[in-house]
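Both complexes shown next keep chain A, but they swap its partner, so chain B is in the first and chain C is in the second.
After this line comes the complex of A and B, so read on.
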């Protein structure tokens, strides 16, 4: 770093002042982020009785989790919805990213398009979730439009309060996190490479497969990590759009805390953390982000 | 060349994509003008009216639809967002300032801070309520436990914004001030701070809006008293009425007003910087 050399005369005071500047923030994070998360692991081994919880270590809550169909099912539901939303955000988001990042040559226009995509985030998250209720309902906008167009005769009832509605809602809310990083990576592709490939007679599909997609892969990985972390930690969308039919791990944590079953909530919290860790590690195996970015 | 065919197709697709992002909100906005109190949260619109907007402000005669518990919630949300904004911006500026020099453990501290925005709210919220309830044995409140959890979430954003600003910062002006014998604190106040002010403004905007909107952490970490997002969440389980939609429109308008204030302040600070540069040139 060049300014280290420039500030060389005041190295001693500089070092200690760095520590004083960083200490409040670092301590804040250690106390209110790291300690609480470690505490989740610890409390998951506490003994829970109907009325209270005691710090006597036991595996009982863990056994309850893996012995219960309800909990195991919610683990599978979480993984299923995560995977579906990951695929839908990718499939729906990629063409938009392709257009914004690669096909729009004008930088201002591509920035404007990205800003248009981000503006909905200025509405409250819960309002955006709730906005799907009048869209998807039996007398909702989608059914009305489809019936007016004569595509369907009877309203589709499966649109709201099902797993489908949760997937639709989550896809709309999180797809932008996929579009952004991919568009960013596509925007960095040197047009000369594509030009050269075209001059050598490659068709678009081949250019896409051999050049464009591999170069956009780091963006896909970053977007995938964003979407995964948010979807795995979700509970509000499921609560609002599934009519309590879809129970994600997040929903279990909320209900367990609501009934003061702290040990069980912690077990689910640890499992959620492990799942997230595995997913992120898996993504990072695809691409070495430190090298690519 | 296929791109001649492909480009218009992708353009139309992008248009549909934007419609997908905005559609639900437009439907919600339209339905917020439903007739009341009999009109439900669905089509058709029986008659256009501003009934549900008046309902929010308590200007309608009492009906079977209970008013949203917004008064206190709005106050709490704004206060909490303000506290969070000030704290995380101060922490963000300090930490980013520290990162201008490499120090032992800077890599670890960097990840420690950024972790705060990556860990889902369910986990930080759960951890914080465990800490308060089972270890410290204190009651949870929006101004205590929820506040510190909000800062854990917004501080990384402020930190990253400030880091980006300070990376492009020319430190020779500071060194000039130091070599003239100006104290470090005075240098920061008179030289550094005015230069990084646009970044500070962005950090404040991030922190305020993220906290104002924050839901999952608040659900766990705040006590009985609700903030605005919690009040909306409370309507999820019961039958919804168009008053929630009207409220959604109003919060969105509020967010855009905030964005406008930010834009105005930003333009002003950029213009002032330009003016100063011009004066220097003349002198």
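After this line comes the complex of A and C, so read on.
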């Protein structure tokens, strides 16, 4: 009885019942992602006074943001640091991925190398960031070594508490998110394809430009999205390595929340979310990930 | 083997990986405008041989000559030899046209755009892909991919095309059609094809001559009919999958095997003493009515209908399976009773005997 009931409709209901599989995820996302985002948009229009926030709708916080050089500069700084780190992680990450994913023929060895790239993540994020201070400082490891070698006479002060130190720190932390997806895509390239291209007379540079790079592009896009999302939302590296000189949108959110300015924090939050959305949309226009992966 | 007409020639080529020898002292000369198929079981070194000729792997010993030139130390892309990969190895992100144009557009010598266009369209037409130029290679069928792979190689106008199990990835129907097409395309171009395959029917059907490779050495190089009728070694007979093989011993002009001792006239020298009789040269007779000549007692196990013929499977006293093929053009098939004993008879002169001596 239950046997026939279960067996007969299974072919028909297969399609509609499979939607239940995403129900837990959908509910979770609705409660903890969609609802909070809508709430942030709503709160950004509330009226903020020094000690209170009231649900009276106003554009005041938005006007303050776009009327202030500090806030606008911080938006530009965020975009500048994001672009620089995107480029540095790509420039350092792509050759590494090329080596790990394509030139290392042994699959076990290439997995081992990828794991080695991840080893820094076994220490906490903050320690990794703070460890740059004794490295880059005026009396830090790099300056001491360079002076001992006689390459410089005076310690380089620009190494720490500048935009450069923020870029160095972020690159080191996020480069692995670029290496992983690219190495994965490169590892999937059939070696026969490269051999075929070589047999047809193309040199390595041509093969790289026409075959290898286009085939790794989905990996570059995924890596780029990873790095972008994390760098755009960053505040800790900037706080620890810039001596408060570099203020990213993330840092502003932290300060505003710290002084209970919820409306302004929400404005910055909305702007940051929009920027991220645009960046991701831009990346997804480069390749059709659904088709490539 | 200094053949004047030879397009390419291998001279004592040996290739080993560690202590495994894939090719042992292989010498071979292939003429221009010829379809040569290279038959061998897996592990016989046939892919290695192809890769050595293509230049993907260097030989440990021996020389490779192509169009009268020693190319042993010349890299693959300067050899002018085309290679068609087993799994096609098409560039997945490029269109059919761009796949075919790749070698012309990215090769060492620059080719003018108009010439690329003309040559690519001509070869696409030759392999029958006109109209599909702008399709992605993932939007076409297996047989079409095969043609793209072939066109991509042919557009470079090679004098020699190496095909590594080119039909292996196609379904049986398509495989049959592509056999005919490959031969037709080759004849139109007048170049030499060297076609590696593990299928004996494919090797016999396609090659003007067939090379049979056995454990890294060439066991036989002859036209298909010769290979089929006169396999040079017991292993060649075995690869052809058309011979019942009986082990035994040779003594005083007699072969002693499971069917007793029979006088023999001709022995092909080989390192193994074996008696081979083709599936379609055996007649099945009821017990006690056997004609004169060699015969063996066996019980009927099963039969298999193949359309133009029927295969019968018998089992001898020492549990060896003997296959008998009956061509339906010779008359309606007999029905045999399961597990009944019959006499399997043949003419002594139809058998091939291998042995020392």
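The definition used in the following text is that the second predicted complex is superposed on the first by the 264 of 293 C-alpha atoms of A that agree within 3 Å, B and C clash if a C-alpha of one lies under 4 Å from a C-alpha of the other, contacts with A are read in each partner's own complex, and residues count from 1 in each chain.
Note that in this section contacts are C-beta pairs under 8 Å (C-beta built on N, C-alpha and C of every residue); 3 or more make two chains touch, one makes a residue touch a chain.
Only a predicted model underlies this, so the values are computations on that prediction, with no experimental measurement involved.
> Considering only the touch criterion stated at the top, classify A:132 as touching first (chain B), second (chain C), both, or neither.
First partner only, chain B.
> In the superposed arrangement, does A:21 touch chain B (first), chain C (second), both or neither?
In the superposition, A:21 contacts chain B only.
> So, does A:67 touch the first partner chain B, the second partner chain C, both, or neither?
Neither partner.
> Could you look at A:215 and tell me whether it touches chain B, chain C, both or neither (first, second, both, neither)?
second
> Among the partners chain B and chain C, which is in contact with a greater number of residues of chain A?
B
> Would you check which partner chain A:117 touches, where first means chain B only, second means chain C only, and both and neither mean what they say?
In the superposition, A:117 contacts chain B only.
> Using the touch definition from the top, say if A:206 reaches chain B (first), chain C (second), both or neither.
The second partner, chain C, only.
> Is A:195 touching anything from chain B or chain C once the two structures are fitted on A? First, second, both or neither.
second
> Output the chain A positions appearing in both contact lists, the one against chain B and the one against chain C.
198, 203
> In the complex formed with chain A, which residues of chain C make contact?
Listed in rising order, the residues of chain C that touch chain A are 54, 56, 76-78, 82-83, 85-87, 89-93, 102-103, 106-109, 152-153, 156.
> Sort out for me which residues of chain B touch chain A in the complex.
1-3, 6-7, 10-11, 13-14, 17-18, 20-25, 27-28, 31, 41-43, 91-92, 94-95, 97-103, 109, 112-113, 115-116, 118-124, 126-131, 133-135, 148-149, 151-152, 155, 159, 171, 175, 178, 184, 209, 213, 215-216, 219-220, 228-229, 232-233, 235-237, 240, 244-245, 247-248, 251-252, 255-256, 259
> What residues of chain A sit close enough to touch chain B in their complex?
1, 3-4, 6-7, 10, 14-15, 17-19, 21-22, 24-26, 28-30, 32-37, 39-40, 43, 46, 53, 92, 95-96, 98-100, 103, 113, 116-117, 120, 122-128, 130-135, 137, 139-141, 144, 172, 175-176, 198, 203-205, 229-230, 232-233, 235-236, 239-240, 244, 250, 253-254, 257, 262, 265-266, 269, 272-273, 276
> Spell out the residues on chain A that touch chain C in their complex, using ranges where they run on.
Its residues touching chain C are 190, 192-193, 195-203, 206-207, 210-211, 214-215.
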